[in-house]
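Shared between the two complexes below is chain A, which has chain B as its partner in the first and chain C in the second.
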Partner chain A sequence: MAKSHKPVVWFPFAAGGTVIAFCIPVIVVLTFLAALGHVPSGLSYERMHAFAGSGLGKLIIFGVLALSLWSSAHRLRCTFYDFGVRADTLVATVLYVAAIVASIASALFLLRI
Partner chain B sequence: MSRNPLVREVPPTTWFFRHPRYLRYMSREITCIFIAAYCVMLVVGLQRLAAGPAAWDGFLLALRSADSIVFHLLALAAALYHAATWFNATQKAMPIQIGEDFVPGSVISGAHYVAWAVLSIAVLYFAGAF
Partner chain C sequence: MTPLKERLVQLEVLRYNPDTDTEAHFQRYEVVCQEEWVVLDALNKVKADIDPTLNFRWSCHMAVCGSCGMMINGEPKLSCHAFLRSYEGVIRVEPLAHFPIERDLVTAPDDFMEKLKRVKPYIIPKEKKPISEGEYKQTPAQLMKFRQYSMCINCMLCYAACPEYGLTPDFIGPAALTLAHRYNLDSRDGGRLARQEVVATHEGVWDCTFVGACSEVCPAHVDPASALQQMKITSSIDWIVEHLIPGGKS
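Let's look at the complex of A and B:
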């Protein structure tokens, strides 16, 4: 039996931090181009649907989203504490549950594609 | 006679203004607010993609507002700041030893920056951004 549950929280946090650093800036650039009205051809319905329809695409999208969500939830928890909110158990529960729910939702959306 | 215990007065909400280092730490930490909001937006986008072509085009169209552009700029700044601080930390988090010597930290962080640039350019290229 594990002596601490910390590695369970920490491993996806570190993996998510790495995923955010490598992947999120370029994804933000892509949707930023769409926000400016220059939708990249890769964001067309056909290409996005084909990407999210492939097994590898599903794995990449789910991996990036789930790990980024978990990492952000963990860091938000620390940020709440740093801003003086001391109800850590409540904050942690709400944020981790939100990250898990959003990850399950993305998995369900992916399965529908 | 016991001495009075040492009690450090730490203001719980304004402590990070005391030192630039704390301020840098907090600015790194609050990037997660924008990253989290952006990830939620991506999950919504995934739902729109699953709902069909009209819903997806509606999602792309909804991105085209002044609020969205401001949000994207904030999210981009947050993501870049997170990436830079994360890659700079790798040399402390995972030092590599070869024989007697440690690989210089700048090489470890530098390798991450190079990999990041290659990956980002590849994604932009395959997504047809240029």
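Let's look at the complex of A and C:
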């Protein structure tokens, strides 16, 4: 039996899973707070815009988005597999392409800031 | 001493006799049990008093031997560890899922036994030394690294719980892979690369999608899911060394 090449897709999935576990709950809470009108001064629009405008800020935001997207795509692929959908190549292609397209879009939006 | 409370237990047991039946069917038994009994006691009472033709495996009656695994109300359990007081109404008892039925509640474990052999579940010494040089010593800290993964009793509940094994019978599966991990983590062992030939394949850890049901049903708290995730990390590092580092060999 040949060794699997799955680490190529699994490593970014694992990294994304870690990012999601740490960042997404915080982002959800902050979004709700912002929606209710409680924006901490450190997270004001001007400060966030300046953060996203800096090179490091762009890199961090892109890292969080791209890894989260990849992780979600892979998790969804596994879920399809668990439910017995065995068209794995098709499912994987559609989901990974979606994650890559969304990542490229977020990179383009970040570069325009 | 107060007398033990009795209860009329209704069991719905899957029956299959390969000599006479074309397919399996359920049979209902009503049996008077003590409130404190486990499902295995109820089955033994049925066999002793009502129907001596009922077949099932068991041995120790104390969750150590791993031979009395069954589906109880659809969940993989050791029947010696499934207390009647945890169930209401009719208790449905079926053979372990994902294994071929041999007769009644007895399944054929051949597939698991064959996979167990393939992961080389024994110490492959780093360097062989003559008996005159004494034993291979280990510190308590070295023991604790793998001890949890050595507690498996081969009851196969994790295989019955794993949806992936049900869908992909080639999957090496939770218990066998966990045992490979147990030996990989042993300070006396040098066989990890030999085991990787099975572990790092698609049928090895990569068929696992981390559902986690194996760890939920494990009666020995081995946590096979964690072993498999740890092996995915080491297999990924191996892959990077092998493919991305010039001259790197796993």
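Basically, the second predicted complex is superposed on the first by the 101 of 113 C-alpha atoms of A that agree within 3 Å, B and C clash if a C-alpha of one lies under 4 Å from a C-alpha of the other, contacts with A are read in each partner's own complex, and residues count from 1 in each chain.
Rule of thumb we're sticking to: contacts are C-beta pairs under 8 Å (C-beta built on N, C-alpha and C of every residue); 3 or more make two chains touch, one makes a residue touch a chain.
Please read these numbers as outputs of a predicted model, since none were measured by experiment.
**Q** After superposition on the shared chain, which partner residues are touched by A:21: those of chain B (first), chain C (second), both, or neither?
**A** After superposition on chain A, A:21 lies in contact with chain B alone.
**Q** Which chain makes contact with more of the residues of chain A, chain B or else chain C?
**A** B
**Q** I'd like to know which partner A:6 touches here: chain B for first, chain C for second, both or neither.
**A** In the superposition, A:6 touches chain C alone.
**Q** Pick one for A:82: touches chain B only (first), chain C only (second), both, or neither.
**A** It touches chain B and chain C both.
**Q** One more residue to check, A:91. First (chain B), second (chain C), both or neither?
**A** neither
**Q** Applying the touch criterion given at the start, work out whether A:65 contacts chain B, chain C, both or neither, answering first, second, both or neither.
**A** first
**Q** Is there a shared patch on chain A that both chain B and chain C touch, and which residues make it up?
**A** 78-79, 82, 84, 86
**Q** Which residues of chain C touch chain A once you look at their complex with the stated criterion?
**A** Contact set of chain C toward chain A: 163-164, 167, 196-198, 200-204, 206, 209-211, 232-233, 235-236, 239-240.
**Q** Please output the residues of chain A touching chain B within their complex, sorted ascending.
**A** For chain A paired with chain B, touching residues are 17-18, 20-37, 39-43, 45, 47-49, 52, 61, 65, 68-69, 71-73, 75-76, 78-79, 82-84, 86, 102, 105-106, 109-110, 112-113.
**Q** Given the complex with chain C, which residues does chain A contribute to the contact?
**A** Interface residues on the chain A side: 1-8, 10-11, 14, 78-79, 81-82, 84, 86.
**Q** Per the contact definition, I'd like the list of chain B residues that touch chain A in the complex.
**A** Touching chain A from chain B are residues 12-13, 16, 26, 29-30, 32-33, 35-36, 38-43, 45-47, 49-50, 53, 56-57, 60, 63-65, 68-69, 72-73, 75-76, 79-80, 82-83, 86-87, 112, 115-116, 119-120, 123-124, 126-129.
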